[in-house]
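Some structures to go through are shown next.
Both of the next two complexes hold subunit A, though its partner changes from subunit B to subunit C.
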Partner chain A sequence: MYFDLDEDQRMLRDLVRRLLADECPPSVVRAAWPGGEVSLLEPVWRKLAGIGVPGLLVDETLGGTGLDETYMVALLEQTGHAGLPLPTVATVAVAAPLLAASPDRAELLADVLSGQTLIGCQLEASSTDGTVLVPHGQLVSAAIVITPRGLGLVSMAAARPVASMDGARRLAQVDLRAAVPLHVDDEALDLAVARATVGTAAELIGLSRRMLAITVEYVCQRTQFGVPVGGFQAIKHQLADALLAIEFAGPAVRRAGYSLATGDANAEREVSAAKALASEAATSVARTTIQCHGAIAYTTEYDHHLFAKRAWALAQEYGNAAAHRQRLAGLLGLRTDHPSRTIQKVAP
Partner chain B sequence: MDLNYSEREQTFRAEARVWLEANVPDPGGPSGDTREGFARHLEWERALHEARWAVVAWPERYGGRDATLWEWLIFEEEYYRAGAPPRITQNGIFLLAPTIFEFGTDEQQDRILPRMAAAQDIWCQGWSEPGAGSDLASLRSRAVRDEAAGGWRLTGHKTWTTRGAFCTHLFGLFRSDPDSERHRGLTYFMVALNSPGITVRGFNRLDGDEGFAEVFLDDVFVPDTDVLGGVGEGWRVAMSTTGSERGLSLRSPGRFLSSAERLVELARERLADTPAAVLDRVVGSWLDAQAYQLFTLQQATRMAAGVDTGAESSLNKIFWSELDVRLQQTALDILGPEAELDGPWSKGFLFSLSGPIYAGTNEIQRNIVAERVLGLPRK
Partner chain C sequence: MNIVVCVKQVPDTATERKLKSSDSTLDREAVDGLMNELDEYAVEEALRIKEAHGGEVTILTMGPSTAADTIRKALSMGADKAVHLSDDALHGSDSLQTSFAIQQVLGRTGFDLVILGSESTDARTGVLAAMLAERLGVSQVTLANKVEIDGSTIRIQRQTDYGFDRVEASLPAVVSVVEKINEPRYPSFKGIMAAKKKPVDAPSLADLGIDAAQVGLAGSATTVVDFAEAPPRAKGQIVTDEGDGGSKIADFLASKKFV
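This part shows the complex of A and B:
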């Protein structure tokens, strides 16, 4: 029994943490916002590709890094912490493994693994008008999508930019009719969705830790009534609760990664538990940390919003807390009706 | 990362499970926190001891099995899974004993621990006073030196002493230096409750059981051999116990996993009559219990690796005590009008309300988390 990052996982975590501390400060997160200097993001992704991040879950024989989901969680907690405004989850959990599973996509896979090409994805239910919104869609050249005919790959060249709360998400709307089929089996797609769900939960943990760290630093410096506001019990108790939410969600996310890595029979349960707890933690931490700042965190000049807005977006992606709790109710035998899937499966 | 138990651990689990299934007494009957129930629970404690399950983590020479932290957690899981009774010996075994292992002399260990393991001596905690609750350091019970007799004379008033009316011994903090203030000048004493000068008065807790007592000490003699740790070192010695009380050792995840399973079971039985909003809270309680288990597995991994988890035990305490209240309240909301009947859930609910108060209120725990884990200023 050893439930913690082992030495190799810690090495990956530390490597990524240092790299992102240098290459992805808040100024680079801001560069992804409309009007920002998007080219600033290129070197970050190139460096991450240099240490094998895009192909983390792809077999070594196919040019990947050949690691498992426990490493994925360790990695994505760090990209979340940095607020990295790139489709990391989409690439690591979905695009690279699915391209590796499609025999006729070797060339595109190689470009994704080298960091030359960015691919997005949208695996949740498609809209009724035949279009979908792709996160980071303005930065990626193509996206993996679910079409009425099955899984597809769609070029983003003709996609339409869509404004969103977190400007760094760079949403784009794309017409599904332009998609070409991507041939992978249902099992691979289910695994991709489960990985993306856990990966998103991991980013939420990282984002939550970042919001809390920003706030702790602030309340230790900001003085009112002649003392640091962090000395007031009203602040202490709120931030203690924020830490509690994070500390009791984090292990569940790691557990879900481990369940996927080991093919645990209860993996579906663990995945939903992870996303439910991480989504709840992140939304409550966002709320609390803004309040503990006072007016300063209610501005876009201050960095906190970069992380809060990402957290609000990711809390809804791949099933929000309520949806996963509903799914857990089904898995625990607590529903009389059939549990509805929050993530739509490919139509047969 | 490896969540598998070793072969040795699995054997340990199987052995515990078989013994518990064969020996756990039928539920029902008065609780161990009543006069009648206490006697019956003593029999159970002695059965546990005879089969060497009373203190699994202790050395063999004191009645234990030298169990590892993991084996202890396994035993706890099996204990609550089997529906075994609450431990009336727990304040001795989980609060005093770790302190004796850390600070006690060889003589104290050899004299006190075997009798504690065998439930010959039953220990209660004498910390709180009428004027010293959350602010424990303001305690006024005093110890006066009796050089001629080779010991100390204790005078004062302790209260909220759990099972104090039925226990045989008390461990507690007393002010041994009259000129000292706050955390200084305190000494940790162990005292037999049948010593001359002691009066114990039991009183009822919220659940109606005589689970509380106040202990009056009037010039009670305690020999030097019953000072635990150094004279004047009481605060430091006592704080090692608070970690045990708040953290893993008093409230293992097994307890809440088993409560959550029972809650899910109850909800399944009454599925058609239970509103969706309540079912969602059942899911929430199940999630809480899972989250607590995973947090403690991670914590135990670090403890096993020699990391001092320190003030983290305050996180445990806030989480388990509040999850218990939510869980029990949810059960009542499933039971509806039946909730008011005297039964395991109504008892469990009333008992759960003590969790956020004892072992340092959760308000104090949140201060500790904020100051010692997050690093916020004291003032």
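This part shows the complex of A and C:
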């Protein structure tokens, strides 16, 4: 197994990296926070749609690019790195492929692929009170949800905003009774969940790298006792451990993308390993990098929190590390209870 | 319309660029190469002209094998095909020799319009467009911030200190463009995948009728005699405001003849 990107994937990564460096600086991430200039977000998404981001996994005959999950991972590492405050995983991994798979949604698919319409999703465990929380709920016009009657599409027009830790990924609560059915088979839904799980893991890797980069820059500048604090072993070793966690998780995420792309029979194991390792890495990198900053990383004026809060939110999404470790144990035959298809949150 | 865009792979301007002590040429291996940023505007303008008037866009580059990345990028933006002139004998060619070699390639591809960026960010001579036009015996319309094609006529607008020059010429012609002319597009994923399948012609010097002695460092009309590292930037002067900060700054500016 070769973990590095091939030439095509590198070109795609470099393109996305450059586009996001130009179009999505931290000021744009802040624009998605409450009171921010939301109008700054639309041109970013238009440009991403222009290069083919939403339709990455959609067949070329349906207007997509027809690429596979190895490219998806390369893309989403970069959107994570930028802290892109838009439902990229929901669009690329879930909405566009599911709309492409459902026979009567061609018009909506075209709008999603062109970047005109943003669709969110919530594919986690069914709710007890008939409502679900949709990430980026204030930005998306509709969301793909799991209802007691199956997969559905629900308008976000009547959704209720909910206080959220990551202000650039705000949740909105929507009533499942308002959903209309979306006709796709179980296999397509399983694949969407697996892709979204790996995609979220890829964003966590990108977020972790960003937090580490911000911190390395800071500790090289901040001086104490006349030298940069990064020269002290107390800092150096912590950041080396952070890098180690990222470098350990990164290949597992690439591997999971490769397994999905090649139809590996054991893909589910790889998916769970990837999300468990990426969630743990991002959570520990967030913690370590905040500590290495000192008090400044606690402030909202400093950019670090934009990435740390996203990391904490995504570490819980599509199953946290504990849930995926349990699931992996089940898939390896180490547990007798059968792993459920939809991934439940488990307390760590 | 047969449009040829000349592009160059240059060291990333964000990195530290060095000359080699052995032959005083740029050390291209020490840094990442990428498409000369100013050439992206030339590629974009060529694509826009093609979209409006039809035709074909050919990318032409002279440089080592690593310049294939720059060709691929231009093709992924939407150009149709490319010519990559690469030969060790070309190493160290100056502008005169480069314009000669490119002239030979253009003899092979044919052209109605040749588009260049305003200059390369490494050599920064900015003379290639003029040299090419002279060698080809066609009009040169340089430093355009607007280009219009009307039949066999090209009209450009050039920013000057006092307004605009409007220059008109008949095709075939050589045009160079400045960065104000457009906003280069990002390549699309489809473009990246399609670029692999586009033809890249790699003629040898012999194919072009170039004698190795006509190009390269040894026969160059210009020579780098010596070079030295730029001195480190001196520390700035901090003016403490004790109620007279304004006049201190004014004195400083006056001493530098700014006021």
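Methods note: the second predicted complex is superposed on the first by the 333 of 348 C-alpha atoms of A that agree within 3 Å, B and C clash if a C-alpha of one lies under 4 Å from a C-alpha of the other, contacts with A are read in each partner's own complex, and residues count from 1 in each chain.
We adopt the following convention: contacts are C-beta pairs under 8 Å (C-beta built on N, C-alpha and C of every residue); 3 or more make two chains touch, one makes a residue touch a chain.
This is a predicted model, so every value here is computed, not measured.
Superimposing the complexes on subunit A yields a three-chain arrangement in which subunit B and subunit C fit side by side. Once the two complexes are laid over each other on the shared chain, residue contacts for A:Val193 go to neither subunit B nor subunit C. In the superposition on chain A, A:Leu109 makes contact with neither subunit B nor subunit C. Contact with neither subunit B nor subunit C is seen for A:Val28 once the two complexes are overlaid on the shared chain. When the two complexes are overlaid on their common chain A, residue A:Met156 makes contact with neither subunit B nor subunit C. Using CA centres, the angle subtended at subunit A by subunit B and subunit C is 80 degrees, rounded to a multiple of 10. Using the contact criterion defined above for the overlaid structures, shared-chain residue A:Ala323 touches neither subunit B nor subunit C, since it reaches no partner. In the superposition on chain A, the chain among subunit B and subunit C reaching more residues of subunit A is B.
Look at A:Ala273: by the touch rule set out above, it reaches subunit B but stays clear of subunit C.
Using the contact criterion defined above for the overlaid structures, shared-chain residue A:Gly52 touches subunit C, although it does not reach subunit B. Following the chain A superposition, subunit B and subunit C show a smallest Cα-Cα distance of 14 angstrom. By the touch rule above, subunit A contacts subunit B in their complex via residues 1-6, 9, 70, 212, 216, 219-220, 227-228, 230-231, 233, 235-237, 239-241, 243-244, 247-249, 251-252, 254-255, 258, 261-262, 273, 276-277, 322, 325-326, 328-329, 332-336.
Across the interface of their complex, subunit A is touched by residues 72-73, 76, 185-190, 192-193, 196 of subunit C. Those residues of subunit A that touch subunit C in the complex are listed here as 8, 11-12, 15, 18-19, 47, 50-53, 56, 60, 65, 67, 71. Taken in their complex, subunit B has these residues touching subunit A: 1-6, 9, 70, 264, 267-268, 271-272, 279-280, 282-284, 286-288, 290-292, 294-295, 297-298, 300-302, 305, 315, 318-319, 363, 365-367, 369-371, 373-379.
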